[in-house]
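Could you have a look at this structure, given as structure tokens, before my questions?
Naming follows writing order (A, B, C, D and E), and every chain is counted from residue 1.
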Amino acid sequence: MTSSFKSIEENLKAEAGKLLESGRVEIVLAYGRGYDENHPMPFVAKHPSDVANMVFNEYCIHNLARYLVRYPRGTKIAVAVKAADCRAVIQLIQEEKIKRDDVVFLGIPVYGMKNPKTGEIIDSKTTCGMYNPVLYDVLLGEEVHGQKIVSPYDVLADYEAMDKEARWAFWKKEFDRCIRCYACRKACPMCYCDPCFIDQSKPRWGDKSPQSHGNLMYHLTRFHHLAGRCIDCGECSRACPVDIPLYLFHKKVAKECEEMFGQAAGMSIDDKPALVNFRVDDSDKILE
Amino acid sequence: MSRIGVFVCHCGLNIAKTVRVSELAQFAATLPDVVVAKDYKFMCSTPGQEMIANDIKQHKLDRIIVTACSPLMHEQTFRKVLAASGLNQYLLTIVNIREQVSWVTHDIEEGTAKAKALLNGAVYRARLLAPLTSRVIDVNPDVMVIGAGIAGIQAALELANTGKKVYLVEKNSTIGGHMAQFDKTFPTLDCSACILTPKMDSILQHKNITMLTSCEVSEVKGFVGNFDITIRQKARYVDHGKCNACLACTEKCPGKGVSEWDEGLVKRKAIYIPFPQAVPQKPVIDRDSCTFFKKGKCRLCEKVCEQKAIDFDQQDTFIQVKAGAVILATGYDLMDTKPLIQYGYGKYPGVYNALEVERLFNSAGPTGGKVTMRDGREPQAIAVLHCIGSRDKNNSEHCSRVCCMYSLKFAHLFKEKTSADVYQFYIDMRAAGKGYEEFYNRIIGEDVKFIRGKGARVAQSPDEEGRLIVEAEDTITGKFIKVPVDMVVLSPAMVPRADSRDIARLFNLSTDKQGFFMERHPKLAPLSTMSEGIFIAGVCQSPKDIPDTVAQANGAAAEALTIVVKDKMELEATTAMVNPASCCACQNCVRVCPYGAPFFNESKGVSEINEALCKGCGLCASVCPSSAIIARHFTNDQVLAEMEGLMEF
Amino acid sequence: MSQTVTPYLEMSQAIMEAGGEALKKCYQCGTCAGTCPWTPITDFNIRKLVRFGQLGLDGIEDFMWGCSTCKFCVDRCPRGVEIIDVVTAIRNVYSGGGMLPQSLRAFVGSLSARGNPWSGDQAKRNDWAKEKYPLYTKDKEYLFWSCCTVCYDPRNTRLAKATAELLNQSGLSWGLPSVDVNCCGESLKKVGDLELFERLKNNNLDYFKSNGVSKIITVSPHCLASFKKDYGDDYEVLHLSELIARLVKEGKLTPKKDFGGVKVTYHDPCYLGRHSGVYDAPRDVLKSIAGLDFVEMGRNREQSMCCGGGGGGLWMEKLKGERLSDLRIEEALETGASVLATACPYCITMFEDSVRTLNVDDRIKIKDVTELFLESLDVNIEELMAGASDLNFTCKM
Amino acid sequence: MLKKTAINKISELAAVLMEKGTLLAPVKEAAGFNFREISDAGQVNLHFHNTIISPKSAFFPQMEDFVRYQTGKSILEAAPVELNLKPVFLFGVRPCDVKSFEIMDIHFSGTGAVDPYWKKRREAATIFGHAFDLNEAADPAEFYHTLGIGAADPQGSDIFMVTKDNDLLFKSITPKGKKLLEELTMLTEASAGDRKYFEDYIARGHDYKTRFASVEPKAIATEFESIFDNREFWKNVSNACLSCGVCTFVCPTCYCFDICDETLFNKGTRRRVWDACMFTDFTLEASGHNPRTNVYQRLRQKICHKYSFSIRKYGVISCVGCGRCTRYCPVNIDIFSIVEQAVKAKWYKRL
Amino acid sequence: MSFEPKILGIACNWCTYTGADLAGTTRLEYPQNLRVVRVMCSSRINPSFIFRAFQLGADGVLVGGCHPGDCHYNTGNLYARRRLAVTRKILEFAGIEPGRFRVEWISASEGNKFAEVVTEFTRQIKNLGPQNKFKISQ
């Protein structure tokens, strides 16, 4: 049984109100009304009175972990987190961008979120496909059980089956369409570098112009920077104005990292991010 | 725009044979920013070097490319040439066209083409070279030696004699370490105290040495040249300043404590000095056995002490010590043989371990040098069992190197002091040191019985009361042998101190499986460690005998001296630095650096790099997502430019 | 016989291929020979056997039968050499083609023909049970693996009976294996006939798989060690003493009868102690019986002395004065105990013989822990045994 | 002059235009429609509401090469990139986008130095305007009517097209359009009924409502000037903003660009690329100082540029209400809701 | 003229570069398609270097480092092993033949291993032919 969006909204408002009144947190990150029903916006509540503008429906798909790094270190923040978003916050804690006791997790068990552009239900084809948050201080609805658990990496099967020429042609076509608006980078909770490597001019890693080799360097390096850190929330693909299926590449890298290093991103606070860690007995086979 | 000078070397025929050097020079002249392009027979020769120096002045060159042999050969030579002619020594790039081109091909076309590509890469890189000045930090001249066994004492004396101030830190209440417990030392059988106490005394008298006994290291901060170490001075309840070592208190004291120094064979007073020649020869009070601390009354020693040196409410104090280098000589312990139930140590009183027997022989020991067993009898038959816990997968896989020799010494001393038959149960007699084999032959001559077979079991003799049976297989005859003896001596494995891993963590060292400190390189750098400025000597690195320990102590003293002899220290120039504008505070660099050079500046919210600790490997530069870290001399754009140049043709 | 030999490396290569590769790690330190209980009383020398194996010297077959695989040497070997595997490999290589000693020929013959070492009729395997106890079916939780020795050897059938009774009393759902199972093959493997061992093992595995066996109770530590080591690890194998200890702790079984202060000492069977690491369970069971004055022998737990029955020893001739079981009985007598308890049918057989040959059967009785425990539950074994099957043979000694 | 043709014959018209010059028309892609240079006539597809990226890229492409040079040689020897253009036919441009060219003309050729690239491309192009379908509901994000642009406003197009059942009516508005329309012989003459239908379609277009009421530019400008320093207001509206470059890149009236050198193997090109005031390094000065480091400063800059500075400087709101920035914003920020809040937020006076 | 590949080598100064010098001093012969960049440690190699190398037209990239456990900087190559493994998987998924990028642990004393690896790698790249996927066309 899954609790309706309405009941989650009520719980969210109640909980946010309590937290703000008690002064436990200075800010609550949730969702507010957008220019119409299908387009809610991330919303920041600072006073108990702001809680009234909060809303929660099937289009509240944004990953609010993105905004945590924007506030000075140590501000007490409550954040409404769905399953994937929760893993993003855990990964930020792993990387010591925020401290565990500065964040209040308002967990939202969720099923049936919709992508406003296409109207389809968001599922494990474009995200991690998890329903219940991994970690939460308050749960705003009943845990979702009984849903079919589909591995988030099944969607890769036919891309991995492609031969490399076809796969190269596919990715070249996709990356050539990129207009370098960097929405994917800004939407990603793990991409908090400002300036990013691609903005640097000394060294010039990739050209600024939206030609294929500049786009290729930007995207491939970003995939590498997110290896073992990407929590597969799908925000980058949804933010892309030209709908480049970035989630495919991120899923592939996440799958390889899980197989090679035996650790999925953002699953527990005590893990260390995979690429700043090593095991002396890592097998050399991963290099073949 | 840079003004690059390219100098191609023939190296006699070594290069010229398979690379058209003049054509290479002409090719260089055509490249952008190249102002001078010459080739010469021997660039590394004096005329060759002068040619470079002159061209620098004459053409006002600001980048030099030497196309010759491997940078590992002559990079330093040509750097000196640049420095001599007023150009920053890092504005130099070496192109290796000998080891990696001319010597590995016979095809002159292929060789020349590759040389051109490598040269082109060097030109791209040379344009982006930046002058680097290595920072100089001042060095604290003092040295700290931790552990005052023979290793620590020897190192401290060597350093103090050069005029350096030395802090000698010892956990026990006296210096001397295990060697002070011995009676004789192999192979010369000279008395351990006779060769050690003079050194202990000169430590006491030496104006440059500050002796810190009953002290432990509690915290280590800083880096090579500028260590800031906190020492915990454990409370001794005796003010050593006032005490004139009349030792009246030790006679009156009713307290009874187990004497660690005598390996528990005998009791000692609560206020005591471990052994007569102890340095400092001033007593300390052991809380656990002092009746005042236990029951709140007595204070006899206080009444008796004319100097009023007794102070029961003394507390642990902390001493801050600054040092330029640190030598660890923390020594070893013998393995606890109680878990090896087959030998019955701790169960049968007739079973002793090596250190206990050393105390028996020692004239200052519990029995005044007489070999009498715990029940007062003089043993008629004694068995010495080798390799107890050593060379054993289930305990310590290493060979402890010295037990064969001290077992032979025991045999000699037993023969000399008693009329007992002595058996040695051994696997291999390892007598490889100077004079060792001769000592072994001498002992064989003294009618000691050698049984080639590891002792398998020690059991109580069923018929003779108080006697033990050593069971083993004499592998030479293949017979099962049961030897009735009165006394069994075990030669246990030498293992690192129980707290060796904590000390390693304090000084950022790694330890091997057993817990011995890891040297930087087993063959070429056995005394230095991965942490710059921290040196190791003696058994804390691996089991060894006294001659090797002393040699290592001298070596470690010399290496420490190389740091503290200069009051300034030049840091490597090719270290890394953080550009704060681009740092996104992800702290990847802090997590990966093996030397702990980067640290997170909480107030500024960015990472910074302590250039004294940085070794210039560049790991942090490659894990930095926003490439905010500049690895000097191997910056991102220098490497990218070189790659671009290499791939152009 | 001349003293000169030449190394015959093909043989040592064969030994290594047959599972003895650890023999190259041995540096001949003599600990094993010094520890082996046989060295003092026989001319068997395990170190010399390994040495011969290292160089493939001939003459090895003369003294390769002295080992009773008690694992004392393996635990003490400073190089971690699996000496039992070396002995098994040597026997496999050198015992091919009828080179078996006379006393073992019957043993191997019976196993290959009848699937049990006692030349007992395969069909009569469960006769001791007299259909009183259920066969194992899929729905049952435990399979009570009745070892061949407790099926055919008259003295040990009492052990089978006692176990069956006890399992009933404990209310667990259990069943006996059908007659088409055969010996677990542990001793056979240690005698070196690896090929036959595989056949016996696979037959048992087929039975296990087809009947969905998952939990097995063994009464013989030899079956316990064999199932755990060689039968894969998807079976949960328990020795009976472990099960009883658990049931007592859980309060499902509580001894009633008071033994009135009888002095009992306990012998750790090598395959229950050193091979399988079970030391405390049998002791807890004995100590749970009121009025039982428990006393330890000098050599106990890890240091327990072997009874000599392992590695085919039960079936081999032993000269007088070269029997470990005799020494063990003397050691038991020294403790003043009147009952020597143990938990292995092999040990019981060996000790019963020694008690008879030393004619001290009036001073000490040999009992299995299960038998003692059953007595404490006020069940009289005698009348249980009244209907014992009329087996027409006695075990040869 | 009014001509027409059947909608399903559009590909023939496209083929004719392709011979005359370069045809840019809406093409269906994965994420929606975009103006692309047509290589095969079948690509032209008019079943669209509006393209993702505005047609400004026809005259102000995302990447324009200025000079090609050789490292190490003097700049004098560098070769400027010649811009020899064939005639361009910009087919199927919505009225709000057509209006945006007029606004962009102010910046690129109206004031100060004329941008030769924009001017050349503009002159070489003939614009086929295309009316919105009036019986379809307006896209929720659009608000062009608020800025005085009719749904079928032909003003600014050379030729204006209106769909009538399954025909397409073409009316020439400018002489350039008239000349081209005459050349397009394959179009048939339209009937009187078609002309009448065309006229009142235009009229109906004017009162075709979008979201907001009409606004008065001067009033908005003064509101924004007084609210400029109200940090609280701007923080609230920009809390959700990711500060990415989507809104500026899809916007028809954003024209900021950056000039950069892209070198490879000693050869280099100096080229112009789109830049966005929302990027953090947009205002990064050589000294390292950056006047706009916070998101609210950048969002305030973007909105005030269009609804405050543009009015003060050129008297016109630099926005045509096409709604692209709202439709493609990853976090659904709507520019005109902010304008509305700014105007309604009378309480700013109290500060 | 048969296809002569351009191979970029990135070698760590303490082990592989010294090994390469040793191959030279022992006069071992190997094809000359390899152009080596010297860096202080294999952990200095930023994965973007590998992407950039292929964009510059490299037909193959060979990275050489110390054997795990021998790194002059203690743990450098242990991090490099993980990072370059991910780089390899990204290249593979993007469509670059896995055979074009290779990581080898070559110590300072393994001159012959260096020569063998370069010869074998050059032969492998020759079979794969020119790489013009990532290559920036001028």
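Everything below uses one rule, namely that a contact is a pair of C-beta atoms (placed from the backbone, for glycine too) under 8 Å apart; a residue touches a chain by one contact, two chains touch by 3 or more.
Everything numeric in this text was worked out from a predicted model, so none of it was measured.
In the absence of chain B, chains linked through touching fall into A, D, E | C. Between chain C and chain D, the least number of touching-chain steps is 2.
When each chain is reduced to the average of its Cα atoms, C sits farthest from chain E. With centres computed as the average of Cα coordinates, no chain lies farther from chain D than C.
Of the two chain pairs shown, B-D and A-B, the one joined by more C-beta contacts is A-B. Each chain gets one centre point, the mean of its Cα atoms, and the points for chain B and chain D are 73 Å apart. Centre-to-centre spacing of chain A and chain B amounts to 49 Å, using the average Cα coordinate of each chain. Averaging C-alpha coordinates per chain places the centre of chain B 53 Å away from that of chain C. Annotation: 32 Å between the Cα-based centres of chain A and chain D. Across the assembly, chain D contributes residues 264-265 that each touch 2 or more other chains. Under the contact definition stated at the top, the residues of chain A that touch 2 or more other chains are 194-195, 197, 204-205, 275-277. Against chain B, the residues of chain A that register as touching in their complex are 73, 95-97, 192-197, 200, 202-205, 225, 272-273, 275-277.
Contacts from chain C toward chain B in the complex involve residues 27-35, 39-40, 45, 47-48, 76, 78-80, 302-303. Interface of chain D with chain A (complex): residues 29-31, 52-53, 62-63, 140-141, 236, 239-240, 242-246, 249-250, 258, 260, 262, 271, 273, 276, 279-281, 284, 295, 326, 328, 330-334, 337.
Those residues of chain B whose C-beta lies close enough to touch chain D in the complex are 31-33, 581, 644, 647-648.
Chain E meets chain B in the complex at residues 6, 8, 13, 17-18, 20-21, 23-25, 27-32, 35-41, 43-47, 49, 52-53, 56-58, 72-76, 79, 83, 115.
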